[in-house]
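The data blocks that follow each hold one structure.
Two complexes are shown next, each including subunit A; its partner changes from subunit B in the first to subunit C in the second.
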Partner chain A sequence: MKKLACLVVVAFAFAMVFSPSAFSARKTIIKIGINAPMTGDIPKVGEGSKYAAMLWLEDIEKAGGLEVGGKKYEVELVIEDNESKAESAVKANTKMITQDDVLAIIGPQSSKQAVPAGEVANKYKTVMISPWSTNPATTLDRPYVFRGCFLDPFQGPVIANFITDEFGFTKAAVLYDVASDYPKGLAEVFKAAWEKKHGAGSVVAYQSFTTKDTDFSSQLTQIVRSGAEVLFTPQYYNEVPLIVRQAKELGWKGPIVGSDSWGSAETVELCGEACYGLYFSSHYAAAGAKGATKAFIDRYTDNYGYIPDDVAALTWDALRLAQQAIQDAGKLTGKIEKDRAAVKDALTNIKNFSGITGNMTFTPEGDPIKCAVIVKINDSGEYEFYKSSCP
Partner chain B sequence: MESLIELGQFILQNLINALQRGSFYAVISIGYSMVYGVLMLFNFAHGDIFMVATYIGFGIATLFLALFAGFLPGPLIFLATVVVTMFLAAWVGVFVEVAGYRPLRSAPRASAAITGLMIGIIFETGILILLGAKRLSFPPLMESVAYNVGGIYFTNVKVMIIIISLFLMIALHTFIQKTKWGMAMRAMSYDFLAVPLMGVSINIIAPLTFAVGAGLAAVAGILYGQAYPILDPYMGVIIGWKAFVAAILGGRGSMKGAALAGYLIGFIEIFVATIFPSTLRDLIAYSIILLILTFRPRGFFGMEHSTKLRL
Partner chain C sequence: MEIARKFKNMFSTVPMLGWLLGIFTAVLIEYYWGYDYISYYLGLPKIPVLFGTLIMLKDPMMIPGVIGYDLIVYGIPILLIAKASNFFTNPVAAFLEKTPLWLSAMIHLIFFYGVLHLWAGINDYRVLVVKLTLISIILTISINVINGYQGEFSCSHPGFMAIGAYVSSIITLYFFVADKTFGAAVLSPALGPWLFPFALLAGGIAASLGSLLVAIPSFRTRGDYLAIISLAFMFIIKSAIENLNVIGGARGMGGQPDYAPLPIIFIWTMLCIWVVHNFVTSIMGKALNAVRDDEAASESMTVKTRKTKMTAFMFGAFWAGIAGGLFAHVLAYINPGMFSINRLAEILAMVYFGGLNSIIGSIVGAVTINVLGEALRPLELFKWIIIPLILILVMIFRPYGLISFKEINAKRLLRAKHKREQGA
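Moving on to the complex of A and B:
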């Protein structure tokens, strides 16, 4: 009996080790992985990524598959939830690469997950495009990792310049989450850009908190008393309403400015009128869009009942980029390692890709050169185009 | 002179901030303490009972605002929301006792403690499945008005939170000290083996204790929703831990101690964060608590005999 059990276990082990690679060699399916926060701190970001991906898949299916080198391939999406945690994002990438044999991965969205997950993708030599991660470390020295958006070293100065030009302020305060890659990186970049403009010490309050905090009263009390004229807070939509509200309750009168993490469709819904009239930098503005961008917004709104946020638009662009790269690769050999390398090479060579969030050409680092938009939350809670700033 | 006034304002402002934060820890930690008093075990699901109660409060508040917003005055809607939510949340507490703890009453202590953790996870994932991962925004039950008195800012909501919390604690104290039910609970915490022999059933007192604790958590939840109006299924975890620390620091089974320690933790957290970088906040706050416990291992008001029946 025991021997039999042993045999069964060994047989299973063999099957586990050999079957995926043995089968995939013959498959005519292209698998694209989506690594997104479906649950956790920012589930709206995951939802937007998933919906955009589903629209993209719909297009592919309507065309009867993805044509590569004269042959039509069926496309399958593998959507993995990273729970908005770094370690889960790493696990999701490892699983999709080693077990699901995906050709490319879209995501993770926020830098907190994209920076560690990019390490895995690069190690296993699989193309990963993070649509939304703006922290430089995501793509740094990783030939297989790309992104669909601008970088924080670009975004930080854009915001600093905007505040200076718009309001003429010279004293700024910063409140950021010290335990998350994105806010921490951007806060540092902003501080450096601001102090370069207005001299050392012009960031009069530089306050931090830790992920999952809900009470910012001690930090905000110091910010209010520091004499700062503007508050910059590069936080996510679950924290922005609390920060804005508590700041006002503690006597903050000046403007509060945010970054592209504010762009989620949920920010205004949770924050309400308290957020009307505030500004943030973003990748695109939905109100008043034209052309392909408008077509995407209309289609998304019809299908899912709300206006797509920047994450959805960037995910769409990232998928289209992946599609372009796969088609440019010319021919799929069926050997997954070889195909992944071919897709990477094709992606590096893409020039002037016209996406709905702007035109993209990749630098050797895998970062696109793109414009940033300053968005104003207008009096009916829409994200309105205010200004654009190009490199 | 000028700077002295400013310093005074600064300290007073943070004092108010700390009072609000501490109120939540105090009210929630009493729930831990009460259950410990009666059953000699910590109900680790309490943080998640608080979370569920907040969601119930969210539902009731939304419903009542939709039904009565036009013709009933705001304070009445607030009161009705509190009463109905307390009642419903109390049943959640009873459910936890009957379904989770009662079958394990004679089981080893560790099994009962683990039960609490598991019930907590069931609540978290249950809400996640039921309502999705979407954040909910607690509707404001009263308009928040900010006041500025001598350079110190506070809102009517903040004042209300502090007053209601204090009122609740006094009411509970009266209940425990002055009523027969309260006397039964005190007797049970003194000796839960002998008292049932006197005709006081633990099967009534235990669920009652859970119900009162959950009712308190419900009020805390509604107030929390007014102060920090973003709900998520894991909101009870961290606040639950901290309230648990307060219950230990106050002395196991001592409600007075739990309340006091709750406020103390609020104060330490707020003041540490104003003086040091926020990364050091929990490190310093809990080092202080560890130090206090080193010199007062039973907490502030811990009873001598509770050390024998240790968890």
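Moving on to the complex of A and C:
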């Protein structure tokens, strides 16, 4: 009994003495939350977001903190893994808002997490900027939720117009994943836009598959037979190489066009020469970039050894937006609820923000008005700027 | 070892009521002094949310502070109060023992809920973790009826959960909420929380009807075949919802009203524990065990095996549906991808970790996997190495799970612990 009591006391004394920050006062730190898929289906996306955030923090630290209203504040990143799962993203957001007292949240990237997580952010009145989520429901009726990219209803027509203008085709085929939110939505938008241009029935093949399918031969055979001139497939980097190769093996001769989900660095790595010469719409093009965009790309490449994909660039822009909004808010009161509301107001008022993925102005919904870029995969496997299309 | 035995001896006289009182004091201390004094002087940024595991793993410098905090707030008060209050908690427990068991259990539960509510209320993140853990408990217990008591290997639980989630969401969205999919609310939204239990029940019933689709063709087979058929069923449900654009398809369905606060979920969980406990200790439950151990023998002993298996399967599916409904209303968003193979792995991990054929095991399994999953969050990738490793170890040393083949004995759990009962 005595031994036990001694043990407790000793442990306790240790705890008090060796606690490095014991008795230190709490100070106001600006905390920015990053809600990213570090594990799960798309870890590459999480990695890109994390690296971009770390570069941003480096800049802030070099400047000695973030200056708001003439005072420099220390900035801290709270990076949470959402495991690419909806409930985990909700938990991560709740934790960052109620426990870590973050001023703003960047992420989650995919719509399936951004939609429920946005609900949480809006409920607790905390600014959330999803860099990559294209589902309209993410920001709909949520004054505190913003996004950093254009939406599918904009992207679909851009691609349809590009194909028409570039090749003059009138018959298109679509191959998409019916089980995944983003490809399905975009496929529908594209189909509607195409048919509006070329009349009903001009999408001659509209084929679907399910997530994790790896054999597309039956769908592709039908597409080849349908007499389509161009194939549109809004898939992710893990499926694009398979689709492209199998299509070529089955005798597909026409061009294959993709969407911003192609933009990952992995696409070309996995696809190889089969993908050279193809086009996709995106948020930015790495090869041939100029100014701030080039500076970011070079820095990222130097630090992490590969060219950043669009997620990293969009995350960077989202962070810069948050930074701008915090600075525009004027001053920090230290009362987190008040500061969050001020940041939200400042963010709504931002006009013509010049980001590395283009200039942005927010609509009242929290969606940016910005241009899309058509990217060509050139003969050395780089993503080359081809054309830009503005609303 | 000597210390541990002494320790155990010393606290063997503390009844459940004493422990609850101790925890209650700890929570009060945290509530009143946790932020302003204790965590402040220990240099912690805030009250450590899950006993400090999150900050500890993020910043090892905080470890001493966190240990100090846990000792001051939880360790010492709980032990002290539990032991010191012996002189009156034991007589009270003895008095409660004389009252009917349900009354005594009810009083304990209300007290327990009060403590839980106060503890969770300190931070909304805790509330969310507790809510999802309670839902996991319902899920784990319901699958234990099938995989444990019935001894089958069913993989369709996420499917049942999806049916429950979608049916109850459709009902609440259709009747009580003005949204884009179903238009204006049919009934007054004020009625919503009162009629919510019926929406949940409808979800549960739909899930159990869905389970008939698996049960009818598959109960002529056993073992692997049922596993395959039920796995197929799970995928059928998922693809069916993905292709139903009326209810959102792959985009999912959002905007469910917040009808599932902590007390509601707690009540449903306790109801589930009570009902399932009664079910498995009833004649039907014994018959179920008999069928599991030897189907031919029990058939010859007049057990209607087919009916028994069907009932148990539908019963398990029903509770999975309820859990799904609660889950949908906690997250306020569902999509078919949530009810897929990942969810199945999680449910199976909880039930096999906790222990087959045991309600208390299911509770332990669900709580452990959930809390561990949250507590190790800062480790990111390593979390997915540690948790499976623990599971493997459990499977090696305790093949049926941590606490298997044990029932809750409420009377024993709640009784007074006088000196005479200490044994030698």
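As a convention for this text, the second predicted complex is superposed on the first by the 364 of 391 C-alpha atoms of A that agree within 3 Å, B and C clash if a C-alpha of one lies under 4 Å from a C-alpha of the other, contacts with A are read in each partner's own complex, and residues count from 1 in each chain.
In this section, a residue touches a chain if its C-beta (ideal position, glycine included) is under 8 Å from a C-beta of that chain, and two chains touch if they have at least 3 such contacts.
Just so it is clear, the structure is predicted and the values come from calculations on it, not from any experiment.
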Answer with first, second, both or neither: which of subunit B and subunit C does A:R299 touch in the superposed model? neither
Just subunit B (first), just subunit C (second), both, or neither: which does A:K197 touch? neither
Under the stated touch criterion, which partner chain does A:T210 make contact with: subunit B (first), subunit C (second), both, or neither? both
With both complexes superposed on chain A, which partner does A:V178 reach: first (subunit B), second (subunit C), both or neither? both
So, A:K44: does it touch subunit B (first), subunit C (second), both, or neither? first
Looking at subunit A, does subunit C or subunit B touch more of its residues? C
Of the partners subunit B and subunit C, which touch A:Q222 in the superposed model: first, second, both, neither? first
Does subunit B (first) or subunit C (second) touch A:E87, or do both, or does neither? second
Touching partner for A:N238 - first (subunit B), second (subunit C), both, neither: first
For A:D101 in the superposed arrangement: first (subunit B), second (subunit C), both or neither? second
Contacts of subunit A common to subunit B and subunit C in the A-superposed view 38-39, 178-179, 210
So in the complex, the part of subunit C that touches subunit A is made up of which residues? 3, 6-7, 10, 40-43, 45-46, 49, 54, 61-62, 64-65, 67-68, 71-72, 75-76, 123-125, 128-129, 132, 238-239, 242-243, 249-252, 254, 327, 331-333, 335-338, 342, 374, 377, 380-381, 383-384
Tell me, which parts of subunit A touch subunit C in their complex? 1, 3-4, 8, 11-12, 14-24, 26, 38-39, 80-81, 85-87, 90-92, 94-95, 97-101, 111-112, 115-116, 119, 124, 135, 137, 178-181, 184-185, 210-211
Would you tell me which residues of subunit B are touching subunit A in their complex? 6, 10, 13-14, 17, 20-21, 128, 132-135, 137, 144, 146, 148, 153-155, 157-158, 228-230, 232, 235, 238, 269-271, 273-274, 277-279, 281-282
Under the definition above, what is the set of subunit A residues touching subunit B in their complex? 38-41, 43-44, 46, 178-179, 207-210, 212-215, 217-219, 221-222, 224-225, 237-238, 241-242, 245, 248-251, 266, 269-270, 272
